[in-house]
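Consider the two complexes below, in which subunit A is the common component and subunit B and subunit C are the respective partners.
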Partner chain A sequence: MATIYIDGRAVEARNGENLLQACLEAGTDLPYFCWHPELGSVGACRQCAVKQFQNADDKRGRIVMACMTPATEGAIISVDDPEAKEFRGEVVEWLMTNHPHDCPVCEEGGECHLQDMTVMTGHRERRFKFDKRTHKNQDLGPLVKHEMNRCIACYRCVRFYRDYAGGEDLGVFAQHNNVYFGRYESGTLESTFSGNLVEVCPTGVFTDKPFSKVYSRKWDMRGAPSVCQHCSVGCNTILNERAGKVRRTLNRYNEDVNRYFLCDRGRYGNGFVNAPSRLRSAGYVMDGQMTPVPVAQALEQFAAFAKDGPIVGIGSGRASIESNYALRRFVGADNFSTGWAEPLHGAVTRAVDILRTTSARVMPLHEMESADCVLVLGEDVAATAPRLSLALFQTRRTACNKLADKNRLPHWLDAPVRTLGSDLKAPIHVVTPAPTDMDVSATQALRALPDDIARLGFAIANRIDGAAPAVSDLTEEETARATALADALLVAEKPVIVSGTQYASTALLDAAANIAAALVTQGKAAGLTLVLPEANSFGVATMGGLSLDAVCERAQAGQVGTLVVMEADLTRQLDASAFDTLVRSVRHLVVIDHSVTPTAERGELVVPATAFSECGGTMISMEGRAQRFLQVVYPEAPLQVSWRWVRDFAHASGHEGVLDWETLDQAVAATAAGVPAFARIVEAAPKADYELEGEHIRSQTHRVSGRTAIRANISVRDIPPPTSPDTPLKSDMEGTYTTDMPATLIPFYQVPGWNSVQSLNKFQQEIGGELRGGDVGVRVIGERGTAGYAGVAPARMALRENEVLLLPEYRAFGTGETSMWSDPIKARATEAVIRVGGDAPVARVSIQIGAEVFDVPAVNDPALPLGVALCPPHMVARSYEAPCWVTLRTISAEAAA
Partner chain B sequence: MFGIIRTIWMTFLHLFHKNETVQYPEQKPYLSPRYRGRIVLTRDPSGEERCVACNLCAAACPVDCISLQKGERDGRWYPEFFQINFSRCIFCGFCEEACPTYAIQLTPDFEMAEYVRQNLVYEKEDLLISGPGKVPDYSFYNVSGLAIPGKGKGEAEHELAPVDTHSLMP
Partner chain C sequence: MPDVIDADLVETILDMAHHDVLPRGACIEAMKIVQDRYGWICDRHLKQIADLLGMSLADIDGVATYYNLIFRQPVGENVIMLCDSVSCWVMGTDGVREKLCRKLGVKMGQTTEDGKFTLLPIVCLGHCDHAPAMLINKEIYGPVRPEDIDGIIEAHREKTS
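Entry: the complex of A and B
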């Protein structure tokens, strides 16, 4: 720690940080634009000028840029110095000379960093009498809106897009006053992280396009802390709501996981909660026709069903852990299914087992950023867990930082550090069956079939530690690959192994676990991460249950009276005939879901559940982090959270006493007590009675408008604000709101003078560090397990003559379930195309998956071996998910024409 | 005692004063143009809605009686709905002060009484008038940087032609 003096006040500064960070951490308001806590300093905007003095005798001082000056021991600076103030005033006046007269029609208005900084600097009168420069805009696709006139040339957008996220298609054109930030020509931004430009841009050049369609000012919206539902990473988000409708998703800072950025699937994938696909009333289905029925009648109906034989429940990785536990408790552990068919069921169960017992460290995303060697084993991380791929890409920056240390440069000095490492590749070794988006930035990208990757993994583990299971009959090439990769991992200090359930292969998971375990025996601080299929897969797999295949068998044996499916679409797991057989062989099918899925369409009794924006619950991410999401919408009956439906079913069918939960807190406590592994989930967030300074925390801003008018068209009478027993947040503007709120209860970021998301720095203990409100989420797994080596290497995968190995090709946009009910993601997703190995050009293929034949557009991909094809899961055959052998007939371009 | 007698005397003297009763509604009082009465939404000189749904009136309203939703058509922002709950309005005129486009204006009309409170909720159709109100010439989009049909980039007041990003000229 260094002591520095800001306007005569002695404050502690961290070693190696710059004066701007030190000032912000000391609570001083110092305006800035181009500096970003994650992107570092470039000194482009000249806004953070302060006066620095040589020593106590120096009365004259000199102006320095705070973001470009290290905070050295004994530094004396003045922020309030009249000359520094005047300098900053002039800088903002220059920046504003070309800024258009747009604020009323700008989506950023009211949460604009430029507005905040202009007010902070005191500039209020325009003296510039000349004409403003203007720019033409580009169409940047369905996610981001472009309005170039508003640009102040801080360069944050390209620094994020190109340097931080590795994007190629956003650049800077022209020069001096005319610089232009955009693409070479209009077109959709290709990066999966383009939505972050909205938060990174300090003004309104890049704004949220879907949000603009349902626009509302920041001060008018209710906020609530939430957790992303679109993959197993568990990014923290803030949901904004107004008039019962979710308007947008923002990043919520979690120092261990997503930090400052989200992927586009998470940011734009939540539209499903407002979509027409939502189920809004209970219904009784007869002959494919749904008749809405009152709740009481639906419960009576269920009571009648319950007399017809044993009840089996199917849980889901997209439902909260409380709902899953409620269902399991109601139907009994022996009658509860995880909702996955084989082989996925086995793979997920094994993956979670590994994560819970591995001797390597199951690393949070932020820890992986500082790894010096990453081995990605058979998982297209950029598609199945995009935010993880962004974190892995930062290993390149870590390598740059090491060079900077050698040259004694501070890490925040962005331009020189980046230039030093301009020849570096990210220390990532990708071994996958098909090309991935990570290949470009990786040190090397190797191709092999799933089982061969597993063999390679086993071989690597065996190379590192001879005690690990060996692989028989290795070819020379396999040995060379294994040796090279083992050597790369062994020279690293902090190697990380990444794999997942994409290919539903337990051998692959065992291989990854064995490598991590072998590295631990060599004294490495090895990390292991396994990507799981859904947001709460970890929770469901920990609880455990039957596979869908087992349920089907029981149903066919006539042992299932009523099948209760909770927030799951079985048609994504079972092919059409298997699903049909299941539905016919159970006596009654009851579906609890928030949207009308193909399963719900076949249900006999369907009841509407709340989506994650309308209820509270706990999700457990792939690193075993239990995180609570809270409701932002207060839904109208009959919508209620799934566990309440299960409880009502239990009561209606005479199972009083099994489930007597009234509030979320009781549900959480019961789940924690019922599943020993989840004992800590009660600590994930404060209880509903939590009060700070004697009051609940409010979820609306003080300046929320239109309270006596917004529903006046329905009735002029005022109604009290909605309440819920499940959330510690108050639904209205009355309550407390401080920067010291528990980190899990932050409904939005705003402090006086800082209306934009940049106000986050006021909520942190130090820039980029822990939040003042403490931890975000709790880990339900221990620091390290003791598991040894497991599994045996599979035989080499031999391609067949008459059949093609069909591999699942996941996509960031398109293969997700709930995200595809969301219009922006649907617009961003591209058509399903089958990629066929080999050099022969293909136009279409006819492909038989299960009993069905599909005629689909196709292209050939020379990077794939002959006899292998890639198919996006759920987009061609609804149920297709795991590798399988299929018959494929290619239709050449001429024949197709 | 004296006070009581004085009061009775002064009341008695009023018998001889001029009658101040105004025969309303037959006889209307004079109200100045800047009187703060019924709120209207005006149109710009070209006849388009002036309101750009920026929400500043709603934010300025001390009784929160204004509510609206932004919509967008050809780059122009407009209110999809615009509700004023006049049973709450205190006619303070803050909304008019806050409006950056002179869209919302208060008029010298106070005759708004209703028997049913619900009828005091005015929708956009009830508020929108066909003229520019007190500010005849102002058109917001002529000074803003947004492009709208008929006014491209660089065609507003005090704007240069759009930059050619391929040019190397300084």
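Entry: the complex of A and C
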């Protein structure tokens, strides 16, 4: 720690930080634009000028840019110095010369960093009397809107997009007053992280396009802390609501996980909660017709069904653990299914088992950023867990930082540090069957078939530690690859192994676990990460249950009276005939879901569940982090959270006493008590009775407008604000709100004078560090397990002559379930195309998966071996998800023409 | 203007790329030699250079548009660049500009109909001791008086006819 003096006040500054960070951490309001806590300093905007004095006798001092000056011991600076103040005021005035002053029609208005800084510096009168330069805007696709005239040329957008996220298609053009940030030509931004531009841009150049259609000012919206539902990473988000509709998703800072950025699937995938695909009333099939029925009648029906034999429940990785546990408790552990068919069921179960017991550290995203060697084994992380790939990409920056240390440069001095490492590749080794988006930035990208990757993994583990299971009959090439990769991992201090369930291969997971375990035996601080299929797969797999195949068997044996499917679409797991057989062989199919899925369409009784924006619950991410999401919408009956439906079903069918939960707190406590592994989930967030300073925390800003007027078309009577027993947040603007409220309850970021997302600085103990309100989420796994080596290397994968090995090609946009009910993601998804190995040009293929034949557009991919094809899961055959052998007939380009 | 860059230039560009630490380091020089041959950098050529050097279009066009001596639009056979910085303004560049515009029948930034001349403003040419300064192709003029313009223009017109 260094002591520095800000306007005569002695404050502690961290070693190696800059004066801007030190000032902000000391609570001083120092304006800035180009500096970003995650992107460092470039000194481009000249806004954070302060006066620095040589010593106590120096009365004149000199103006320095706080962001470019290290906070050294004894530094004396003045923020309030009249000259420094005038300087900052003039910088804003000059930045504003070309700004259109269109705040009333600008979507950034009210949460604009430029507005805040302009007010902060006191600039209010325009002296510049010449024409403003104007730009033409571009169409940047369905996610981001472009309005270049508002630009103040801080360069944050390209620094995020290109340097931080590795994007190629956003650039900066021209010079001087004409500087232009955009694409070479209009077109969709290619990066999976383009939505972050909305938050990174300090003004309204890049704004949220889907939000624009349902726009509301920041101060008019309710906020609530939430957890992303679109992959297993578990990014923290803030949902904004007005008039009963979710309007947008923002990043919520979690020091260990997503920090400042989200992927576009997370930011734009939540539209499903407002989509027409939502189920809004209970329905019962009468005379072959689905008929809306009142809740009481639905429950009566269920009671009647329950008399017809055993009830089997199917849970889901997209439902909270409370809902899953409720279902399991109601039907009994022996009658509860995870909702995954084999081989996925086995793979997820194995993956979670590994994560819970591995001797390596299951690392949070932020920890992986500082790895010095990453081995990605058979998982297209950029598609299955995009935010993880962004974290892994930061290993390149870590390598740059090491060079910076050698050259005694502080890490925040962005431009020189980046230049030092400009010829560095990220220390990532990708081994996958098909090209991935990570290949470009990786040190090397190797291609092999899933089983061969597993063999390679086993061989690497064996090279690192002879006690690990060996692989017989390795080819020379395999040996060379294994040796090289083992050596790369062994010279690293902090190697990280990344794999996942994409290829549903337990051998692959075992291989990854063995490498990590072998590295631990060599004294390495090794990390392991396994990507899981859904947001709460970890929770469901920990609870455990039958595979879907086992449920099908039981059903065919006539042992299932009623099948209760909760928040799952079985048609994504079972092919058409298997699903049909299952539905026909159970006496009753009951579906609890928030959307009308093909499974719900076959249900005899269907009840509407809340989406994650309308209820509270706990999800467990792939690193075993239990995180609570809270409701932002107060839904109208009959919508209720799945566990309440299960409870009502239990009561209706005479199972009183099994499930007597009234509130989320009771549900959480019962789940924690019922599943020993989940004992800590009660700590994931404060209970509903939580009060700070004697009051609940409010979820609306104090200046929210239209409380009565908003429903004046219905009635002018004042109605009380909605309440819910499940959330500690108060639904209206009355209540407390401080920067040190519990981190898991932060409904929005705003402090006086700081209305943009930049106000986050005020919520952190130190910039980029822990939140004042403490931890976000709790880990339900211990620091380190004791598991040894497991599994055996599979035989080499032999390609077949008459069949093609079809591998799942996941996509960031398109293969997700709920995100594809969201219009922006649907617009971003491209057509399903089969990629066929080999050099011969292909136009279409006719492909037989199971009993069904699909005629699909196709292209050939010379990077794939002959006899292999890639197919996006769920986009061609609805249920297709795991590698399988298929017959495939190609229609060449010439024949198609 | 050919669709693709001549093979000898491609070879030179690749050679430069090999000799740089990173291939993209050769991009300015590559654009300069392409412009020397064809007069300006068209979209097709820009794409080709980008591909040769492994750069994205946004990246290379950012470089191209940054430099005011790299032309992304067609220019005349002679490019006249008139300094618009402060020394030249003090010394009467306004009169020279008026005369030039009248003589050529174009406004600043335009090319004459016969394609002989393009008139562009430029920042300081470092010729302040001879202000007002003007650059035509690679020849520097200064101090330029309005009455010198006719002679200078005609001389260049003859040279390129």
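In this section, the second predicted complex is superposed on the first by the 894 of 897 C-alpha atoms of A that agree within 3 Å, B and C clash if a C-alpha of one lies under 4 Å from a C-alpha of the other, contacts with A are read in each partner's own complex, and residues count from 1 in each chain.
Here, contacts are C-beta pairs under 8 Å (C-beta built on N, C-alpha and C of every residue); 3 or more make two chains touch, one makes a residue touch a chain.
What you are looking at is a predicted structure, and each value in this text was computed from that prediction instead of being measured.
In the superposition on chain A, A:173 contacts both subunit B and subunit C.
When the shared chain is aligned, subunit C comes close enough to touch A:423, but subunit B does not. In the superposition on chain A, A:183 makes contact with subunit C only, while subunit B stays out of contact range. Among subunit B and subunit C, the chain that touches a larger number of residues in subunit A is B.
In the superposed model, A:472 lies in contact with neither subunit B nor subunit C. Looking at the shared chain after the overlay, A:802 reaches neither subunit B nor subunit C.
In the overlay built on the shared chain, the residue A:149 is in contact with subunit B alone; subunit C does not reach it.
In the superposition on chain A, contact of A:407 is made with neither subunit B nor subunit C. Residues 173-175, 180 of subunit A lie in contact with subunit B in one complex and with subunit C in the other. Interface residues of subunit A, counted against subunit B in their complex, comprise 100-105, 109-110, 130-137, 147, 149-150, 173-176, 178, 180, 182, 212-213, 215-217, 219-220, 703-710, 712-713, 715-716.
Interface of subunit A with subunit C (complex): residues 168-175, 180, 183-184, 422-423. Those residues of subunit B that touch subunit A in the complex are listed here as 52, 54-56, 58-59, 61, 63-70, 72, 77, 81, 83-85, 87-88, 100-101, 117-118, 120-121, 123, 140, 143-147, 153-154, 158-168, 170. By the touch criterion stated above, subunit C contacts subunit A in their complex at residues 21-22, 56-59, 61-62, 65-66, 68.
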